[in-house]
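Letters A, B, C and D mark the chains as written, and numbering starts fresh at 1 in each.
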Amino acid sequence: MHTLRVGILGATGLVGQRLVARLVDHPWFRVAAVAASERSAGQRYARATSWRLSERPPDSVAELEVRRCDPRELDDCDVVLSALDTAVARELEPRFAEAGFPVISNSSAFRQDETVPLVVPEVNADHLGLLGAPRAARAGFIVTNPNCSVTGLAVALAPLHRDFGVRRLVVSTMQALSGAGVEGPRALDVVDNVIPYIAGEEEKIELELGKILGRLDRGRVQRAEIAVSAHCHRVATLDGHLEAVSLGLERRATVEELSRSLTSFRSALAEEGLPSAQGAPIVVRDEPDRPQPRLDRDCGGGMTVVVGRIRPCNVLDFRLLVLSHNAVRGAAGGTLLNAELLAARGWLVPRRSA
Amino acid sequence: MHTLRVGILGATGLVGQRLVARLVDHPWFRVAAVAASERSAGQRYARATSWRLSERPPDSVAELEVRRCDPRELDDCDVVLSALDTAVARELEPRFAEAGFPVISNSSAFRQDETVPLVVPEVNADHLGLLGAPRAARAGFIVTNPNCSVTGLAVALAPLHRDFGVRRLVVSTMQALSGAGVEGPRALDVVDNVIPYIAGEEEKIELELGKILGRLDRGRVQRAEIAVSAHCHRVATLDGHLEAVSLGLERRATVEELSRSLTSFRSALAEEGLPSAQGAPIVVRDEPDRPQPRLDRDCGGGMTVVVGRIRPCNVLDFRLLVLSHNAVRGAAGGTLLNAELLAARGWLVPRRSA
Amino acid sequence: MHTLRVGILGATGLVGQRLVARLVDHPWFRVAAVAASERSAGQRYARATSWRLSERPPDSVAELEVRRCDPRELDDCDVVLSALDTAVARELEPRFAEAGFPVISNSSAFRQDETVPLVVPEVNADHLGLLGAPRAARAGFIVTNPNCSVTGLAVALAPLHRDFGVRRLVVSTMQALSGAGVEGPRALDVVDNVIPYIAGEEEKIELELGKILGRLDRGRVQRAEIAVSAHCHRVATLDGHLEAVSLGLERRATVEELSRSLTSFRSALAEEGLPSAQGAPIVVRDEPDRPQPRLDRDCGGGMTVVVGRIRPCNVLDFRLLVLSHNAVRGAAGGTLLNAELLAARGWLVPRRSA
Amino acid sequence: MHTLRVGILGATGLVGQRLVARLVDHPWFRVAAVAASERSAGQRYARATSWRLSERPPDSVAELEVRRCDPRELDDCDVVLSALDTAVARELEPRFAEAGFPVISNSSAFRQDETVPLVVPEVNADHLGLLGAPRAARAGFIVTNPNCSVTGLAVALAPLHRDFGVRRLVVSTMQALSGAGVEGPRALDVVDNVIPYIAGEEEKIELELGKILGRLDRGRVQRAEIAVSAHCHRVATLDGHLEAVSLGLERRATVEELSRSLTSFRSALAEEGLPSAQGAPIVVRDEPDRPQPRLDRDCGGGMTVVVGRIRPCNVLDFRLLVLSHNAVRGAAGGTLLNAELLAARGWLVPRRSA
């Protein structure tokens, strides 16, 4: 495959940094451009960025000049990955799509747009059908991945929904600080504390799950009919969203059957050879006190969803814990996996420069 | 009222320290004896105790010699407050009761014993009827308060159950470190982490709520029929258990009605003049991000339960947050309030020394 | 004494909130006005403020309308306490002084001004002499207290400098988050981390100590000749600056003599009856592992400086630890103590309104 | 080189776990035996160990049966790496040495023994001369690495001492939780706190530096004459000891010269091809706020020492910050580097089994 030239929108933020880090030595993609707000534009990437990861950015990116988020400035890119904030994304992503760019976005701006696929590759790769068929010289489009508190849940529910029919879901989240980005909560508000509110998050969980687990039918996504009730909390962890789930199923099942359904879940992706895909997207832990954010978030390089404590529920049918790395699986890694999926299926092709 | 002489069992632990601190200048009680394990016995209290509170213990207690937990050694006490660990309590509390002591316990050893009242004064003071009638020179008995993750929940549910009939409850807890006592989790396991398991805790919540909210009927407690499903987690807060609740009600209600039910909840205690009782046992906060453990746990000196974020639930009927100070309301303060209730109602009288 | 009407500049910030809280039920002062930036002006104080303390602001202040920081708007105040940020203070405090207000400031703007007393009452109350003599109807002036990392150090060094002559000082600080105010570090940068740099802080320690410990001589402060080298670090504590000190003395001493010098330190203030003054400004702890920020910062209501681990130093003469509550002793409490000192000595008088 | 069979003493503790993890796929060594206390002996390693790292132990070790720390039980090992606690090490390590084993120890038991080399390979590999010459079939011996708070300091001081003569040193440490092992401080004592005391730590720093930086002279180590004064503190970080240093030099220098001395420091090891050795043992950061424990501890896989904030000192000559990964560079990685050094220089040879 031809190496594709990637432009990163919002490259200086936390998700942008994760994208830069994950694209080092990527076999299919290379970072051709980094773009950010007016404030950063014109500076070297290393200087414009308050870098938060322990491995430094590669020199090849560190030396790039940050561009403005304008389609004309990214003309040498074949695809753009967007880590823009929602408000900005709402304005800019359509401009890139209209200019013919494939836009693979982590933002929430268009997740509920009926023409935009909201994709977790292992779960609903077929939703790309919303885009029609891939063409060699195609118009631009937008593809999104879900909110960081939704992705792990969607992966864990996928086999359970397929095998037992998930009908009701009460989920209480304990979300990591990195989910709020570089402008996240002050330490003074978080040490010895829990913040029991994340603006818009509960609504996102409730809305996005139904679309992801829905069925593509004659060019439209029929939402899965699952009642979802979310309680969202920010805790003093750096990475890894932990979620306590009670769920009600359509069909009878045992703890063992749930565990087997989760453990044996495989997607077609493995055969497609996507570099970021894990053989088994879900690992089930047997210990009574796992998963734990710090110990388990890096499972599978942060791409594996870890489930534990599967047990009966006295109110619905079962209880279990889901952990996934919000900044990897739930953001940069999820975006990149979408890009890989699109590339493997022929949606990404070298653009001719103007 | 005559000042009653109190002996504290397990006085060197976290709950014991809280009891000592709360009894400073208490109008009805004074600490006459502190007792602990063999290892501590014979030492001065100040020396035997790894004191964790910021105010130092009063000199009058600091200078006491720690005794063994033996009824003969506490013969100069009128009542014992027990902060013993469950295993030890199971063995020792009956000895004190058999020796004629009122034993007011924070331990879980006898909470499910049919003859032992499990009491939160604002909620089920009438359960003391399990003891029969108070007598001037009575035999000993045991009275307990619930687990630290249950008390706040019981207080918050009491008016809702009375007014709307609570039938189902899914609760996810984010519990503070002090709930695990001085032998609690290591810092290395808690920094940047959540421990999603507390041994026995979920079972306690599920069992204790039904008994507390039950009805005393011909000398027995008829358990309330509430299906309870708990998910328990330890987070890196020092004090204050935060609980995210979804609940299903028997009768229709609105958010405003729930809020009014909680806010207007009063118990008969106010008129009894118990020193630790708050006028309103529950405060409802309107802000979208409250209660928070650090900001709200000390409400009412740690005795007030703080509720917030009352909103509809997509699966059951309503969602809300409950916060209570686990070490005060849920432990030492709850034990002391039980002692005050018993004293006000004539169950505690000066014992004659042997 | 007539109750004095206080205006608080920067009332919505962390130090401003602490001032509001400390003025509840103050015997000499009452809050007459709260002022803040344009953004907050015109709103109710309770609404304009992101309140960070666990006790709520008193209704009498909560209901006040926030004013602009303009002398004409605080005409009904007898004195202003300033919790303004330095840059703003540099511009606004002189305006208030020129308008005839006593300005008692926590900001660093004029601490090195030769005409402005930099005062810790127990240490150098006589520096008020810089202002000349108090007059009934006087012109305005500015009095400041030191940086939050300096106050505790100044109190602890005062008796040692008097008794043994401090000549050299190496200090390494572990400073609390509240020292950085509501715009302090993000949780993401602080959890599992130490930030080894606080802009301008080392310079402040090095400059301010010499002025505070200096001698007033013919209307000028002769700086104490102490070589000071500071290493400043931000750690994940909420309140309480802990400082590890090595010091070189002019005269020989023993650990016991140092301890006695610290413990017996008394100032003339006790006799002046300042409400915020402690009998003994310094407490020395003997335990090997004290002071600790969380356990000791509230000593004396946060106004007492706690010293521990006095021991010989292999390079200079002695090592010891100093802890003081940065937001109380080092900020709001220190400002208020200065106000009390000025009131007791006749510098604050009711102003006639224009 | 023949693959050497390694036995790990104290394999279930934190340092033992790190050794197991670092020996996965090691080119020279393989884990042949894991040994621990009586309590663990006989169990599978995976079961006996409360594993704290995010990557799981390799199956080849997880399935091993834990042995007792008895030389007869490790007869199939060529060398033992000791992660034993000091008290146990004092008794057991000599037994292994007497039984003919090379004992490469992380414990403090024999660091001050005149016949035992205390080695940081980049600094004083020549101190192995204390052992005499390597022989094919030699008697056992003990080699140790320094305390976790000393190693980083020793590496950073080595070039400065060589180039400018370090004479005086005041160091204030902010040490990570993992330095205290699995039995380290409780979370309740560490959240929102600093513990300003680590038993024995200050003495170790003061003693060990002199020996490491000393000169081997006619079979004895002549200690370097450096006055060292240490202030040790435990903070709420997981890994990475940060140390604020003031130092006095024999010869004049500039900040630039210090920086160059540190940056250009190379040891002979690079040429010896030790698998754990870094090309440059020290990295100097220019940013005003680095090094930071979380961002910089993993530099060079945790083996590189990071120095920052080199600046003049008002009391001694210079100030700077040193950070090193206590559990890697300061413990398991340091022990393993010593093992590699000994192997490369012919001190480790296959033993014949009895």
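Throughout what follows, a contact is a pair of C-beta atoms (placed from the backbone, for glycine too) under 8 Å apart; a residue touches a chain by one contact, two chains touch by 3 or more.
Source: prediction; values computed, not measured.
Colleague: Quick one: which chain's Cα centre is the longest way from chain B's?
Modeller: Following the centroid criterion, the farthest chain would be D.
Colleague: Count the touching C-beta pairs: is A-C or B-C ahead?
Modeller: Counting C-beta pairs in contact, A-C comes out ahead.
Colleague: Calculate how many whole Å lie between the centre of chain A and the centre of chain B, each centre taken as the average of the chain's C-alpha atoms.
Modeller: Distance between chain centres: 43 Å.
Colleague: Just give me the whole-number Å value for how far the CA centre of chain A lies from that of chain C.
Modeller: Inter-chain centre distance comes to 48 Å.
Colleague: Centre to centre, by mean C-alpha position, how many angstrom separate chain B and chain C?
Modeller: 40
Colleague: Can you list every residue of chain D that touches 2 or more other chains, as numbers and ranges?
Modeller: Residues 52, 191-192, 236-238, 294-295 of chain D each touch two or more of the other chains.
Colleague: Which stretch or stretches of chain B touch chain A in the complex?
Modeller: Touch residues, chain B against chain A: 168-170, 172, 174, 192-197, 199, 206, 227-229, 231, 233, 235-238, 242, 244, 246, 248, 288-295, 308-309, 313-316, 319, 321.
Colleague: Which residues of chain A touch chain D in the complex?
Modeller: These residues of chain A touch chain D: 52-55, 191-192, 294-299.
Colleague: Help me check something: in the complex, which residues belonging to chain A touch chain C?
Modeller: 14, 52, 177-178, 180, 182-192, 236-238
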